[in-house]
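In the two complexes that follow, chain A is the common piece, with chain B as its partner first and chain C second.
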Partner chain A sequence: MDIPFFAWPFLLGITFIIVFFIIISIIWITGLSGIDRVRIRKNFFTVKTFQAIWEVFRESLIHRKMYKRNPVLGYMHMSFAFGWFLLIVVGHIEAAVHYHTLNFPFWKSIFFRYAETNPPVTFIAKAFSAASDFLLIYIFSGVFLALYKRFNSKPFGMKKTTHLKTGDKIALIGLWLIFPTRYVCESITAGIYHNGSFFTQPTGNFLASFLPLQSIELASWWVYSLSLAVFFFALPVSRYMHIPVEILLIFVRKYGVRLKKHVNGYTRIQTFACSRCGVCLDSCQMIKANINNSQSVYFLKQIRGRKLNDEQLFNCLLCGRCQKDCPVGLDLNDLRITQRIESTKTYNSKYDYLKGGISPQADVVYFTGCMTHLTPSIKKAMLNVLDYANINYWFMDKDEASCCGRPLMQAGQYEAAKKLIRNNTEKILSSGAKILLVSCPICYQIFNEDYKLPGVKVMHHSEYLLELVNQGLIPTIKLPVNAVYHDPCTLGRGSHIYEPPRELLKNYLSLIPMKQEKEDALCCGGSLGNIKIEMDERKQIRDDVLDTFKSYNPDQIITACPLCKKTFAMGTDIEIHDLAEVVWKGISRKEHLDKKIRLPI
Partner chain B sequence: MKQIVTIGGGIAGIEASTTLAQMGYDVTIIEKDKNTGGKMNEWNVLFPNERPATEITDYLYKKINNSNLHILTGTTISKATRKPNGSYSLLTDKNEKLHADTILISTGFEPFDATKKEEYGYSIYENVITSVDLENMLRKGQPILTSKGKKPKRIAFIHCVGSRDAKCGNKYCSRVCCVTGIKQAIECSRQLPDSEMFCFYLDIRMFGLEWEKLYQSAQEEYNVQFIRGRMSEACENQDESLIIKAEDTLSGLPLKMKVDLIVLLVGITPGKGTKDMASMFSLEREENGFLHIDDPHFGKNYSSKKGVFITGTCVGPMTVDETLENARSAAVEIDNYLTKIK
Partner chain C sequence: MVSFGFELLDSKRIDYNKSDGRLLNEILEKEPSFKRCISCGGCTATCTAGSLTNFNIRKINLMLRHGQTEGLEKEISKCMLCGKCFLVCPRDINLRNVIMLIKKGVLKYNTEKKKI
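On to the complex of A and B.
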């Protein structure tokens, strides 16, 4: 063992971080639920492991999702991650080839130029030397972009960038120093021993012309080793911990581990896998209302720092826009809801007064939901259509019914929500219906996600009305109306229903395509998910969305959510309708033209 | 002779303009509608003494006849150019050019659009009407009937529709709806002595000297019942009668009530005319949309721009008597201003 002293900081650092990561991974994985641990065990020796490796390559090294969002941002991350990875791999192969064995001291591959001062003679040795110089240049291009981003983040497709805390700053300094110091010490060594390649050798020769290289060589390698050590030791307290944790996340996610309604090991893994890239800041519409401290990146940072407060936890629309844009693919909405459940355990309501009982028999159970009761024109239109098509339905929440439970769930009142879910489930199942028809996307999502309704198909009225049209049970007529369709968050990003509303509407009017639609749709600002936001702030978000719509000059704004409709209606004179109203208006117009009879409007 | 242009020929505009004309100024009233008188033309009787609204308009028309002023009806301003000395040259939509040494804005209010509060069912359910609709029915002498032509057994008056309601963006109190609702409940009760009247209120604000008496007589003589709580939603039954869902906040219990007619006591909002004039003359508006007044004590008729005066409900909710007073004070302020600038 003739390890030079300067290599020790690096060796200690790398040992520290590997041991730390192994311990923390064991803690997190044992913190998973029993069934999740079984999932990992069962899937470990399957193709899923290879799929996970492939995904690690794509996302952690190449940063494919980042590329999709912004090529410059993607390139910056790729040059760091993939460049460094290749530098390590190439270094090891180079050392292995040189020593004709895989069994060589580890430090020698990292500090190869210091260990082997003989100039490369063979073609292969020259190629390795050139490759490592090339990779250094490649990484440098990323370092320069990163430096530039600190001053101007616009070219990276980001309006905002996150603020750094002390741990981040230390790790960041370490990270930025690693490659320049490596460049400098390799150049110095090349200046003395002529073992450099096309990049380091000329630099070395230049430095040799005015510096006593012999006397500063060892010091320069010390600096390199120390900067590596600084980075590794600062890693656990910095955002760069996301690098190893993201890899762990990709594996356990691939094995089928999912978020639960309580905090466990997987919640921890997701929390620490956040790279704090700040992409979510740009997705968040609350910035329009000057709410700058509760976005996902800050929320996760607070969990990590154990400084989470209700003010920030509950100040979120749960619109899911950040989740769609998150390059790490974190379940940001559910992470927040889980935290809300943790923080509201003691405040749960009782609901002793909920009544059970036998429901009337019907083919279809119609559940309008509270919000549709507050927008009676939607309810009236739906009832008219159902009567028109002669559907045997039971209007479940006509007089008295409990809420679907989703608003409670969003507020973290999980136990209370479960009571409502139980009560509603009983009523729905005892009706013998095969279809549960809902007019509110908020209800639709919880009926699909948290109810167990065997043999019952949950349908949003956009899907159901489309089916009635396809079966020829209701007529269509195309009216000369140009409209924009607003995808409600819970129906779109929440439940991935994008096409049925559009297909349905195309039978009755013309749709103007928008940039802000489907996955990229905006939130109306009225979300029930946020219980901290002020009315004025909601208004600012709403008006901003309405301005976006107005830029397309629509005759009407069509949506599929009573809450969106209510929110928008307060802010504009443009007609706002739910698609049920559009359909009923179409039917009555058609009937009027065909038979000259007048139906109720 | 100094020239004044008044924009808006409602009661505030006429009262101020006629007063100024009698002081010797050359006044022109610009009114977008066919007739002057504004919202007063739609009203039947006024609180608290049930004075017919026509008495107010008659008084104002008499004043017009006795003064020398120009009235341009069916006209709007299409362009206003401010000169360095603070006077304006105006262009109407009929291409008439006007000079104004000072401008008086009296563009008034619009009743809150009750369709925005969709859960109340206005324009969806046949038997939901607004206080403006009811007043019109009473003015035309129409009997109060439900959509099916029956006498309503129960009428509910819903207070604060579009007032004191952050959800629709109007956080202020409209001041006149409480007393209007009680006045209308009494009128309905007189016409339908066997029917029940209910007022759903948040607070009853009876700040006028005689109003408390009205409130008392509504309870004692006319048996109007007062329930403290905001209606959450209205539903329609098969027979077009209505179900009110509300919370009785005094007993702390949810409440459901079947009624035959709902009257929404709609609040006062700054109308489109007020908004248009604010942008034409670059006047500041308050967060609630009404025109900004320069000082709450000493400058109630001064806008944010020198030489542009404001009066009436474009500044905020006012009763009829307050509006007339405010208009007369505007006349005095304009006289002071024009005397000073010479």
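On to the complex of A and C.
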């Protein structure tokens, strides 16, 4: 073989990274559960593979989600990924056309200008040559943005950019050198042989005017090959490892692999697929309380570096805002909960004191939850409405109230939570009810996700009250009130309940639309997901949210979570209500009016 | 000893020879808000586990302060981590963190075996 010496660093580098990636993929995939491996095998020869390829194209190359979220950042990532990809593809096609075969030495397509010094004559050859010059310019635009971002991250809409480790720096230098050196060596070769196009040829001519190109040509190609090699060899210890891992993630996710309650191969894949883009830093409200070392990007970095500590692991509201914005689509909440489960495994409670027993028979079980016990007005409103509508219900946690288990789950106490789940399940099922009505979104989420309640429909009171309205069991009356509706994290992003509360509220008052609603809703700061945050810090987050609400000039702030209500109520004079209270107030007002009793508003 | 016809129950006595302050110190370091507790009992009054058992979170806080770590592991395991206590605490103490630290600490310091 007549492979020139300078090509060897590149060839070794690319072989190394391909072998490395195959080995690590095998390790991770064998680390999946048996069922997940079956899923992959079953779905491999189906349309899912094509869907995954399409998604790789959209997300890993075009960076569509990132582009939507942050156009400048998206463009930067796209110019690198897509530009380089096209450069390689165009290089291969160019070589294939030139040699009239697909069977040419690999190095020749990468170092094509060096290998083929004859100037392009045909139109097609000229077009290829121009295309690769154009792509170089395209990538350069990304390189300049990246350089600029290192020194000034503001235009990227980012308050913070992520920090670099040694491996990152080496890989980054390799990456940044690849394209400028390619440009220089192609220009030098063009200066000698006139085989360049509109970008490299003029540069080559210019260089030829004062440099002895013949004697530096080979050296320049060495530098190019070496920078490629540096990048490939540093890849596994750098942030850029996310590039191949993200592709793997897209495939296994498409095949139906999901996170489990323990760390396995998929957890590793997700952890390494984080691109450290830093988008999650901008989503996180904890920055408002000057907590800036435990956000998802840092948390994942700590897992990778095996340096995770409790202070950071538990300092997160689990609000899900970063998860919604993460361009890679990582399951950030569950990733964190899984780590918490691992970290607290050795001390789970047994709750031997919980008693079973036969529950009273009813159509509806009403579970108000610990937080609603702390906001008695919500509880009272709900009980009033249930009585008004003549519902046959059993108030499950009236006196001997047990917890639903979600706070334990969020703290990683999975085995302990299972004990509560078993006890509550028994009670609910033995009541014979068809509906489990809950007033707290935190309970709602765990009842839906982790309880098995065959034949029982779990309903948040926003859904249930709306149903009562639709069935005509409770009256409606529109009061002259303008309110904003705050989507609680666990009801919104956690359980995707956005419309029922709004539809219900529209019967009783007017809603002011906000930018920070539905998926983009803010966290009140009170979340039980965070074990570490101090009350003062919670208040800073809360006040910031309240300021946002105030900018819409609402008469009232309405929410659907007792914890949100409690959190907000301590920080403002504006009336804060749960929607159950709104409904009950509406009903009582309507009753008074119907009886023609005028009461002062 | 002269008998006065009454005596002090062991359970009511703080034996400073047996006092073990390691856990308390760790908690105060990691959750400084715990310093502010005034033993008002608000946490206990609202406690979910307290409504089902004789679990008393304020008493646990006191035991900790006295360095009485014996029996702490069993007691603290009754808590359901529901969070009501920290919401009612007038001193804004992050009690759930205190509880998690106790749960972890009793294992770390092996308080039940009392190898001081």
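By definition in this document, the second predicted complex is superposed on the first by the 594 of 601 C-alpha atoms of A that agree within 3 Å, B and C clash if a C-alpha of one lies under 4 Å from a C-alpha of the other, contacts with A are read in each partner's own complex, and residues count from 1 in each chain.
Note that in this section contacts are C-beta pairs under 8 Å (C-beta built on N, C-alpha and C of every residue); 3 or more make two chains touch, one makes a residue touch a chain.
Predicted model, so just to flag it, every value in this text is computed and none were measured.
Participant: With chain A superposed, do chain B and chain C clash or fit?
Facilitator: With chain A as the common anchor, chain B and chain C collide in the superposed model.
Participant: Return first, second, both or neither, reflecting whether A:376 touches chain B, chain C, both chains, or no partner chain.
Facilitator: In the superposed model, A:376 contacts chain B only, not chain C.
Participant: For A:569, decide between first (touching chain B), second (touching chain C), both and neither.
Facilitator: first
Participant: Determine, under the contact definition given at the top, whether A:260 touches first (chain B), second (chain C), both, or neither.
Facilitator: In the superposed model, A:260 contacts neither chain B nor chain C.
Participant: Once the structures are superposed on A, label A:420 by its partner contacts, choosing first (chain B), second (chain C), both or neither.
Facilitator: A:420: touches chain C, not chain B.
Participant: With both structures fitted on chain A, tell me whether chain B or chain C touches more of chain A's residues.
Facilitator: C
Participant: Which partner chains sit in contact with A:535 here, chain B, chain C, both or neither? Use first/second/both/neither.
Facilitator: In the superposition, A:535 contacts both chain B and chain C.
Participant: After superposing on chain A, which of these stretches of chain C ends up overlapping chain B: 42-50, 60-68 or 78-86?
Facilitator: Stretch flagged for C-alpha clashes with chain B: 42-50.
Participant: If you lay the two complexes on top of each other, which residues of chain A touch chain B in one and chain C in the other?
Facilitator: Comparing the two interfaces on chain A, one with chain B and one with chain C, the shared residues are 373-374, 535, 566.
Participant: Spell out the residues on chain B that touch chain A in their complex, using ranges where they run on.
Facilitator: 115-116, 118-119, 121, 124-125, 166-169, 232-236
Participant: Name, in rising order, each residue of chain A that touches chain C in their complex.
Facilitator: Going through chain A, the ones touching chain C are 310-311, 314, 344, 346-347, 349-351, 353-354, 370-371, 373-374, 399-403, 405, 407-408, 411, 413, 420, 526, 528, 531-536, 563, 566.
Participant: Show which residues of chain C lie in contact with chain A when the two form their complex.
Facilitator: Per the touch definition, chain C meets chain A at residues 30, 33, 46, 48, 51-53, 77-84, 86-88, 92-94, 96-97, 100, 103-104, 106-107.
Participant: List the residues on chain A that touch chain B in their complex, please.
Facilitator: Interface residues on chain A, with respect to chain B: 373-377, 380, 535, 539, 565-566, 569-570.
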